[in-house]
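There are two complexes below, and they share chain A, which is joined by chain B in the first and by chain C in the second.
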Partner chain A sequence: MRVRGEALDFITYIRENRERFTELLIQHLELTVYSVLLAVLIAVPLAILASRVELLAKPLTWLGAIGQTIPSLAILALTLGWLGIGFRPSLVALTIRAVLPIFLNTYVGIRNADRSVIDAARGMGTSGAQLLFLVELPLASPVLFAGIQTATVQTVGLATLAAYIGGGGLGDLILQGLAMVDYPILLAGAIPVALLAIAAELLLGGLRRLVIPAGLQTEGR
Partner chain B sequence: MSRMRGLVLLVVVALGMALVPATGGQAQGEKPTVAIGSKDFTEQVLVNEMMAQLLEDAGYQVDRKLNLGGTALVHEALVSGEIDLYVEYTGTGLLAILNLEIPDVSGTPTAGGTPTATTLEDTVYEIVKNEYKEQFNLVWLEPLGFNNTYALAMRQEHAEELGVTKISDLIGKSNDLVFGGTQEFLVRPDGLPGLTATYEGLEFGEERGMDPGLLYQALDNGDVDVISAFATDGRIPALGLVTLEDDRGFFPPYFAAPVVRQELLDQDPAIADVLNKLAGQIDDQTMAQLNLQVDQERKEPQDVVRAFLQERGLISES
Partner chain C sequence: MIRLEHVSKVFTSRGQVVKAVDDVSLEVGAGELVVLIGPSGSGKTTTMRMINRLEVPTSGRIIVDGRDVQEMDVVALRRRIGYVIQQGGLFPHFTVADNVAVVPRLLGWPRAKRRQRAYELLELVGLPPDQFADRYPRQLSGGQQQRVGVARALAADPPIVLMDEPFGAVDPITRKQLQRELRRIQSEVRKTIVFVTHDIGEAFLLADRIVLMSEGRVVQDATPADLLRRPADAFVTEFIGEDRGLRALQYTRLEELAGPAPAGQSPNGVVLPGALSVLEAAREVGKFENATGDGFWVSDDAGRPVGYLTYLQFVALLGETIAPEDTSGKEPAHAVSA
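So, the complex of A and B:
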């Protein structure tokens, strides 16, 4: 296919349209950060609940797995009927998407926490809350954190779909470049998204090292 | 044993290779298969489906590649030969593909030259026809009759409340308004960038790009205040929307006509006659009505097209 412009012209495009690019970048970051934070607030309590009430564990896991099989675009379309177009439906759709990896990792992390440590803690007379916050969650934290990392990297990419429903973000540039077969515009959206995903992975990897108790940092990543 | 199998395989492969060019190539007198594309909105699917059904009725095989994407993408597919034809709009060809200016036809034609077309719509058609032939070896057939120009649309009561009837009325008010457009309209030279340059001072508080199918719903819900609309969209009257007068004449005429690869017509010139059966058959109201049947009444494009072509006696009843 004949294409307009040289591939590297995307840098020129970003320079010449700095204001618009910055605006879209900020929208993209907002979509990603808010939806992951919301997903953590929803997924972690749910996972704790599931680890406490055995009856709920299966249905919740199933629900999450079913949610994960619905295509992201379909979730966008479904939230559209309810919330209209723009930022909010995009945020809701991305949050739904990010909940499962965090939920599953938290649940598995708590369930797989070393039983002998928990028994020892119980033997020392810790209360339920102490057990959760001082023993179980710290033990689950490496797996939990990996879930957040997965969810974030995934959300950075999926946030490009917001461009279909007026949610903004860097997906706007990708769709505009596609509509015009203009590679500089397309790449001005696509390359920063890829870089953002890598940056998110590295940043959260660093944060993981700071947050997780030293004794648990066995497996390198 | 395995040697035997190897031999059989070799024979099969050799036979296959001998057969492929024979069936893939154009045998004398055999009708070619025609690949038809379209852009990603209702009217495009409808008019290109019309082309497909006309050709099928005339005994051609059709490979439908409808709903491909935006203008540039479909045009590139045509130039590269992935599709053989699609219906394009004269103004889109002029501004978005050829990157030319809207011609000035207000003055009298220069003396001594060949007689020139005098209306803007004819002039634009002549320009795209000649330039497409020269630059891409593509042929513009006869226009179908309707002019699907871009228009800005608003909710009627909102437009009345603001006292807006023309696009220039938006100047000074647009800063408080949210504009919704297709992603393509937001970057096309004959879209928002050109519009805001012609109507100096027109700047929207927010610009939101979205899928073409969502624009009307978004406007109707109040998520956006002004949208880029098509003049032949039946939802404008159906949803109680109004279009604003283009009082500075920014948008050119957008008459729809099939654009076909010259190579296909060389193979089978009769294709042009089949497609030209639709010339001048569809006026603005008819097109709007057909669009509405799909967008509002949720009918299938194939059914709408078949009913229309049969009613006009353009294809046989079956």
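So, the complex of A and C:
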């Protein structure tokens, strides 16, 4: 009874510390959105390159896999040594983690695009760029978008770790709550993060309908 | 229009050298429908794909409209050559109308003109535009998708169309229907068509000329009637199959058999159109129970009498057509040009 009462106190905590909470929430969103956007800007061109230059496909996939295998905390520690503490190294670390799902999905999406469609498009006289933008990327878009969705939800969670290297975000509250063994503060960080992850999933699921071409809506995830 | 000069294509896979196409020379005239046929691995598809440079010949030259294709801009070349493939290859994210208008779009036609052209072509291939234009490919049956594929190939009015087993993946009834439609469309648009198939019945139905290939080489290059009556070797005979006699009756036309019209005589009695197959002619002849005279006249497309056959000659030719190997050495009666 007492514990539950204490647990619900996290709402009271947020009310009483509205300014700090809002600041951390915005930081958290910024970390997530910027790192996913950066990851898209890095991963999509690399995936296109890999789909064009067969020789690069394997090394790039390995590189991405390494980025995915190293524990997040280790990446944070590494960027800490390289860029110091704060928002920027956190952003770099999160971006590194977000690149692989987007890279892999884009690459697989392009490679698994229906060969007969590509063959017909080439046979009709599409130039390289036309083939990419008119056919390959639209055909890959359901899988590509699923990759962005995965990366985003994952980044919302991982962004809590940014607090370890002074990157801010809702992780601050979790760390503080842990250090002080103060449940309301801990939950004031943890519960919004969980809700944020669900919200991101739903939002992107809705966005999917707008982004994926109509003829492909039933395919993919 | 299209000329292949000693074209070869060698693939190397896992250290093994495979001659997919071996010294093929052939010519396709303007407005002609030439069928490349052969068992799988005979090199027919590779031969076709070298024309629009989806494959590069190892040696030899391919001339389209007097120019070596290797020296032409590949994108421009392909936009002048319609292309239909077995799996359809429609863009799933494009509506039917947008699919038909892909090449016009690549060529930079204005939107309204593209749409109008797409509607015309959907009409031509028997898909009412107001019903089909805004659907997506996945909402169509296989046969309907192939019709869209044909419409798409014709959209920019290319002089040449390449068709790679375009009806191979649809059910037999739909296939028959599509074949008849293609004949009708071809009689309207008169394209230079290279058509790849492994279905001999389809070849006889559609071809002006059949090029039979085996192991990368041309075994015989002949009109359907010649292929039936004068197969080059045992492989051809075997490929055509056991119903060769029946096919010969179906595809040999009366005007190819008729002797010259007797000079100075005006036609009286029975006149049959030269475009009839021997089989159809035999049926017709049977209807004239009380015909006088020893034979019948053969007329050209305009109805002019151009040849004459006695009933006795006709019966003999029927026999020759069904079993040509018995007549080897003898020249068949020559065609009377219309």
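Annotations for the structure displayed:
What we mean here is this: the second predicted complex is superposed on the first by the 213 of 221 C-alpha atoms of A that agree within 3 Å, B and C clash if a C-alpha of one lies under 4 Å from a C-alpha of the other, contacts with A are read in each partner's own complex, and residues count from 1 in each chain.
As a working rule, a residue touches a chain if its C-beta (ideal position, glycine included) is under 8 Å from a C-beta of that chain, and two chains touch if they have at least 3 such contacts.
Everything numeric here is computed off the predicted structure, so don't read it as measured data.
In the three-chain model built by superposing on chain A, chain B fits alongside chain C with no clash.
Of the two partner chains, chain B is the only one touched by A:178; chain C is not. Of the two partner chains placed by the overlay, only chain C lies in contact with A:215; chain B stays clear of it. In the superposed pair of complexes, A:122 makes contact with chain C only, with no contact to chain B. Within the superposed three-chain model, A:63 lies out of touch with both chain B and chain C [touch as defined at top]. Rounded to the nearest 10, the angle at the Cα centre of chain A between the centres of chain B and chain C is 160 degrees. In the superposition on chain A, contact is made by A:84 with chain B only, not with chain C.
In the superposed model, A:114 lies in contact with chain C only, and not with chain B. When the two structures are aligned on the shared chain, A:137 is found in touch with neither chain B nor chain C. Looking at the shared chain after the overlay, A:164 reaches chain B, while chain C stays out of its contact range. The least CA distance from chain B to chain C in the superposed model is 49 Å. When the two complexes are laid over each other on chain A, chain A has no residue in contact with both chain B and chain C. The touching residues of chain B, when paired with chain A in their complex, are 69-73, 75-76, 79-80, 180, 182-184, 186-188, 208-211, 214, 217-218, 221, 223-224. Against chain B, the residues of chain A that register as touching in their complex are 1-4, 80, 84-86, 163-166, 168, 172, 175-176, 178-182, 185. Interface residues of chain A, counted against chain C in their complex, comprise 114, 116-117, 119-127, 130, 134-135, 138-139, 213-216, 218-219. Residues 52, 54, 74-79, 81, 83, 85-95, 102-103, 106, 136-138, 149, 152, 162 of chain C touch chain A in their complex.
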